[in-house]
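Letters A, B, C, D, E and F name the chains as they come in the text, with residue numbers starting at 1 for each one.
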Amino acid sequence: MVQSKEEVLIEVLPYIQKYEGKTFVVKYGGAAQTEQELKTTFAKDVTILKKIGINIIIVHGGGKEITETAYKLGIETQFVNGHRYTDRRMVDVVKMVLAGKINKEIVALINQNDGDAVGISGVDDNLFIAEKHLEEGADIGLVGTITRVNTALIGMFLSNKLMPVIAPFGVGTDGTIYNVNADLAAAAVATAVKAEKLVYLSDVEGVMAGGSLVSTLTESDSRKLLDDGVITGGMIPKINSAFSTLHAGVNKVHMIDGRRKHSLLLEIFTDEGIGTELVR
Amino acid sequence: MVQSKEEVLIEVLPYIQKYEGKTFVVKYGGAAQTEQELKTTFAKDVTILKKIGINIIIVHGGGKEITETAYKLGIETQFVNGHRYTDRRMVDVVKMVLAGKINKEIVALINQNDGDAVGISGVDDNLFIAEKHLEEGADIGLVGTITRVNTALIGMFLSNKLMPVIAPFGVGTDGTIYNVNADLAAAAVATAVKAEKLVYLSDVEGVMAGGSLVSTLTESDSRKLLDDGVITGGMIPKINSAFSTLHAGVNKVHMIDGRRKHSLLLEIFTDEGIGTELVR
Amino acid sequence: MVQSKEEVLIEVLPYIQKYEGKTFVVKYGGAAQTEQELKTTFAKDVTILKKIGINIIIVHGGGKEITETAYKLGIETQFVNGHRYTDRRMVDVVKMVLAGKINKEIVALINQNDGDAVGISGVDDNLFIAEKHLEEGADIGLVGTITRVNTALIGMFLSNKLMPVIAPFGVGTDGTIYNVNADLAAAAVATAVKAEKLVYLSDVEGVMAGGSLVSTLTESDSRKLLDDGVITGGMIPKINSAFSTLHAGVNKVHMIDGRRKHSLLLEIFTDEGIGTELVR
Amino acid sequence: MVQSKEEVLIEVLPYIQKYEGKTFVVKYGGAAQTEQELKTTFAKDVTILKKIGINIIIVHGGGKEITETAYKLGIETQFVNGHRYTDRRMVDVVKMVLAGKINKEIVALINQNDGDAVGISGVDDNLFIAEKHLEEGADIGLVGTITRVNTALIGMFLSNKLMPVIAPFGVGTDGTIYNVNADLAAAAVATAVKAEKLVYLSDVEGVMAGGSLVSTLTESDSRKLLDDGVITGGMIPKINSAFSTLHAGVNKVHMIDGRRKHSLLLEIFTDEGIGTELVR
Amino acid sequence: MVQSKEEVLIEVLPYIQKYEGKTFVVKYGGAAQTEQELKTTFAKDVTILKKIGINIIIVHGGGKEITETAYKLGIETQFVNGHRYTDRRMVDVVKMVLAGKINKEIVALINQNDGDAVGISGVDDNLFIAEKHLEEGADIGLVGTITRVNTALIGMFLSNKLMPVIAPFGVGTDGTIYNVNADLAAAAVATAVKAEKLVYLSDVEGVMAGGSLVSTLTESDSRKLLDDGVITGGMIPKINSAFSTLHAGVNKVHMIDGRRKHSLLLEIFTDEGIGTELVR
Amino acid sequence: MVQSKEEVLIEVLPYIQKYEGKTFVVKYGGAAQTEQELKTTFAKDVTILKKIGINIIIVHGGGKEITETAYKLGIETQFVNGHRYTDRRMVDVVKMVLAGKINKEIVALINQNDGDAVGISGVDDNLFIAEKHLEEGADIGLVGTITRVNTALIGMFLSNKLMPVIAPFGVGTDGTIYNVNADLAAAAVATAVKAEKLVYLSDVEGVMAGGSLVSTLTESDSRKLLDDGVITGGMIPKINSAFSTLHAGVNKVHMIDGRRKHSLLLEIFTDEGIGTELVR
């Protein structure tokens, strides 16, 4: 539909009314985080959401770059039950790639658009207290599970109108640094701050069933799709953590296609949304 | 140009960056204040500007309705040198029409759009201290000139995220209520709060010269147009007060066409703007 | 009793101790609102109460002036079961007379005495959300019942040491403006802000029974007087709303004679008080 | 003049308007501090002044009781040029009588009237930093001159709506405690907090000249009266410090008769005042 | 053990981490309050505890000096069941010695060490509301029991980084001043502010049993020692009030030897502590 | 000298008095940043300084690790006039090593000691705005000079009792990330926040002249030592920026030996200090 600029603004007014003052946690990953044009439009998207009064918290991933940098440094990558086997050298790569390279690039790009981003990680002011993840039948090394989120630190940034961009690794009470899953970290943050929405930006259209996109997924539907083997692979823990998050008080979880320009704005500023919306 | 909703939002981002936290005073009058559709779009326009972080202060007029209501009440209207001759009975009509009827209608319409408006007048917490306007060669009655604006009251509303909508009459130090010119009241407010912009919404395209719209008017140009008799009538005091306002620290004064839908948004969210921009 | 000025001040000290920091809602009406000398003394009375630390909220009436102005504008007034039949034209008169004329006169007079009053109405920041009053067997038009009071707005004024003066009409969630009963509006405000006292200033000495004033009226006594037909007319809803208010947490309701000079001070600064005190 | 209670209240309104938010320093001494009835009325007077919004700071004396208690403890009192000769044992008596006995009695009496008094002395949070007073031709021991007043401490009490009652002794930077003159201490406090008024309550009607009271005393008049030997004795340093105080920004200094009941209220709530008013 | 300065600092770090932001009430008495060197080291000790972030509240005694000064003033001292018989003249001595002499000396000494102390008593802002202590079979005069502690006043001092030093007497609701037991006053304060620790500094090593020091005393042990007559004299009420305090939420009560230099620091900065620790 | 723990604490009291509330910027580098024991003692040292009320800001280096990691990734390191030649790939290494590896390790170690550290870099909330450093006769790539420091961000951390740990790279107004010299970054921060002290921890005893340590170095002395070629190499820019910093309002600059355990505490808690103190 052809619309003038002013008509568009008026059309988004009800969404602004609905969401101002609310908090959204965005898991940022996939193509949206690696392709130049999508990176730029993402930076603009989160900035505009912040400008209209939404509190934005970003948790980013970075698995591919970790593998690449590890390879360049002569460290072989192994996955055990979907977890990256993480020894001390790999933890250093995780820190370097996530908190050093990717986090700072995201922050710089958002700040160029006036988004007032600050990049932190799970060790800063003990943001993510973690403990060793015990995987049955295998030692996966320094992979951790988040047990506590320092919401005071996040609250300080939000109340100072700053946008926290979080590199997902955690710290044990003994100072050990653990690699943590970015999807689960985003869910932990959303739960801890009682976010209005948790949005996963990745390289899929959403949850697919029988070749077509599921617009809305209830918990009982998802159980069925899991049982029937329709939902598989990396989507399984994502779906499971999404429903835990919903049970913990987050209002909605969305899985949207980060390969599409401005998918975040489309999700938020249209009634129909895009991708899959998960509801209890 | 055809644009998708998300492209429009991205396009307005630089304007949001430019104006957030700034204060705009809008003199609201003419058709924009009397025609139903324009009233509604105006209410939406000021609400969206407030939502993106601009402090909006509205000063409204209401001359025609004052004359009509006076007539119905059997009070004849006389103009002396462009000023409404104002006796005690006319002051009552001014208060009733401005602070009672028009002000509350504007407030109700903005609040329906979630704009958090509060209607006040120059007597509330002595917002406008005024003194009798002395017109050479004529007694025009209870017409006043604003000598002091209570910026603390306006500041309280703005810091509480409320939008003040002001009925333009003032009060003397002895409690006498004076009719004041709405254009001059808007200029007095803009000056007192050191507004970024003062925008006049009225039933003209802007300042016209030789049949065409003047996009940008400098003070020296305006002197010439006044001397040449190109600018005439009610535009004269408007132009004069505009330049006083600019001298007093307001950054820009705009005269835009309130008969055009969303003219306020068009002015603010386009580089070229609309109407006439007055600069020092 | 003859007293020196300083003795009087000392005598009022215990009352100041008792009431400072408390909130009083005053329903202002009758002669106190129309006779010049009483208007002036009322303005001084509320100002002195504010100066010694009492939070004053005024809700005013204006029925007679509405009828007069409507008549002048050629609109006939009808009462149905004690309610003013209110069509769109009458709503405009209500707004003009209450929020335009009376409200601003009260505000100006209080401010001349340094009382820092601000006049608002039920539409400002949605102070009074109302719905259509359904009267059995009759359509009385745009008469409303208050369903929600915006206490945040009132709190803002009080914490900024401003005295809110409220014109009693409300707004529906669809933006319709409703005429509301001033006595009930005062009771709604007192209930919402959990006032210490609600004081009705009107043209009667108080509640009368058998030709003499009832000093203190309990709920059971009032039931009896209502059943016996001793309390009649406009006093009935006043009494009923008074007891609802007491049930809702207001400490005391007073009905005092506004025709007597300084009746408000007399009520507050003497042990015996004046008029009728209603207690649970 | 016979006045009703409510008329009196209305009459004091302009004085309340004039003084609310201002700070008065009261030097409290003489009969007002020793006779039971006057003590009680003084406690009520300062409380009512506080209740109507005036910041009250009391500096009290206690010379006679110091002499009496010293005598009972077998310590002889000597005066040198009007200064009490103060050795270590006398300093202990000064502390005991001023900060222990008198200060706490004043505080208790004011608090019984709900005046929220807190008694402190010059050593508390180093309120009065003092240095040894060097008297020409004589060693008068531990008598000090105030060189710095800790206005932050006083400000903390006032902003917490507490009334500081100050025992006048000071402390050197080496911890030595010095006896200081109460009149000068009151003047030092008034100067440091930029008080609106400094009021001396003592056992004289005011400044007398030729047998009659001087209502208003200018600095030039006072020079003359001093030169002519009309002003003598303890009044000399009082007058001198009063004018220094006026030069330092205090608006008015009053000397009033503490033997008269409610003299403080009479001074403040009448146009003519009582006693002597000193002006630059 | 020989330690360098920096090693000591590092060694105390865990104690700082443990106690910063916590509140300690110190009952200050005995030799620590009378011998010059111990007075100085105590002033330094409380200052350093304050500097590292512990909120310190001091309640001091002064029984011996009261008896001495009373004697010098010709007032005989009598003890009834361990309580000082207190008539009006004795109350004056109590006020003078506690609030005048001792309190101000402590304050001055702490302030010389930059500890920002302010001396107050139970009458200041009604800090200790007390009632007459009724002793069975005897009238002991103006001896009181604390019934309410004004924690707001204490909170004001602590939040302004000031150290309150409290002279232990109280005030009745009728203004009567009562002598109160300093140990019980300290316990009342500790209970009211929910202190982390209450520390009694006195002239004993701690609780002794069979000639040796009891390091840790549980409530059941103490019952036994009381029943067996091992604990006697002034230690009995101290022990009883200590356990009441622990029941009321204070975490630990310590009885330590004030005759030992820096005993307060030793107790707090060593794992083993000194003296007796009382636990529930 | 042998000292008991409590004597040491008392001895440091004057230093605490002197420095509490002040801000120290510590340039952290050399062995102190690479040897395990020194890393741990440094983490304890800054924590204890923070606990006693000093605001600590850390700027760290990391040159050697950058070179090593670059080498492992197949990137050759070149130095031009002492500047690291920095192309895009090297910038990535700088970000990874500084903000990813080193910064997070320092933060984790301090937080294990309860120091509440948060690691940030120059791109976070545009902390360091930089521009390309133009080196005469050579292009050294993406090496930048800091032109503006965002003190608001630092202030937010300090007022929230958090310790900022800063990775020294900056961002241009166009989003380009620049490698910046850590010594100069520390000086820029100290200047911007008007620090009390700027302390350089490195692998030298201090400024050496003729084989012995210079305890205090004035600007004129330093000019002479520079002219005589006594001060050479990397010490030259350090000395120059130190004096610029002193001119800009920082009180003192210290160069101390990070190879010595607790050198930071020794410098601060002894009168003689260690290393070289630079004064104007």
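Methods note: a residue touches a chain if its C-beta (ideal position, glycine included) is under 8 Å from a C-beta of that chain, and two chains touch if they have at least 3 such contacts.
Computed from a predicted structure; not experimentally measured.
Chemist: What are the chains that subunit A and subunit D both touch?
Modeler: none
Chemist: List every chain that touches both subunit C and subunit D.
Modeler: Output, common partners of subunit C and subunit D: nil, no chain qualifies.
Chemist: Validating interface symmetry: for the copies subunit E and subunit F, is the fraction of residue numbers used by both over half? Same or different.
Modeler: Subunit E and subunit F contact each other through largely matching residue numbers.
Chemist: Could you report, rounded to a multiple of 5°, the rotation needed to superpose subunit B's C-alpha atoms on subunit F?
Modeler: The two chains, subunit B and subunit F, differ by a rotation of 120 degrees.
Chemist: If you average the Cα atoms per chain, which one ends up farthest from subunit F?
Modeler: Centroid comparison gives C as the farthest chain from subunit F.
Chemist: Find the geometric centre of each of subunit D and subunit E from their Cα atoms only, then give the gap between the two centres in Å, rounded to an integer.
Modeler: Those two chain centres are 34 Å apart.
Chemist: Counting only Cα atoms for the centres, state how far subunit A is from subunit E in Å.
Modeler: 55
Chemist: Averaged over CA atoms, how far is the centre of subunit C from the centre of subunit F? Could you give it in whole Å?
Modeler: A distance of 68 Å separates the two centres.
Chemist: Could you pull out the residues of subunit F that touch at least 2 other chains?
Modeler: Touching at least two other chains: none.
Chemist: Touch graph of the chains shown: is it line, ring, star, complete or other?
Modeler: Here the contact pattern is a ring, one closed loop where every chain has two partners.
Chemist: Which residues, counting only subunit D, touch subunit E once they are in their complex?
Modeler: Residues in contact with subunit E: 69, 72-74, 92, 95-101, 103-105, 107-109, 111-112, 116-121, 123-126, 153, 156, 160, 162, 171, 174-175, 177.
Chemist: Inside the complex, what are the residues of subunit D that reach subunit C?
Modeler: So the residues of subunit D touching subunit C come out as 2-13, 16-17, 20, 41, 44-45, 47-48, 51-53, 113-114, 261-262, 265-266, 269-270.
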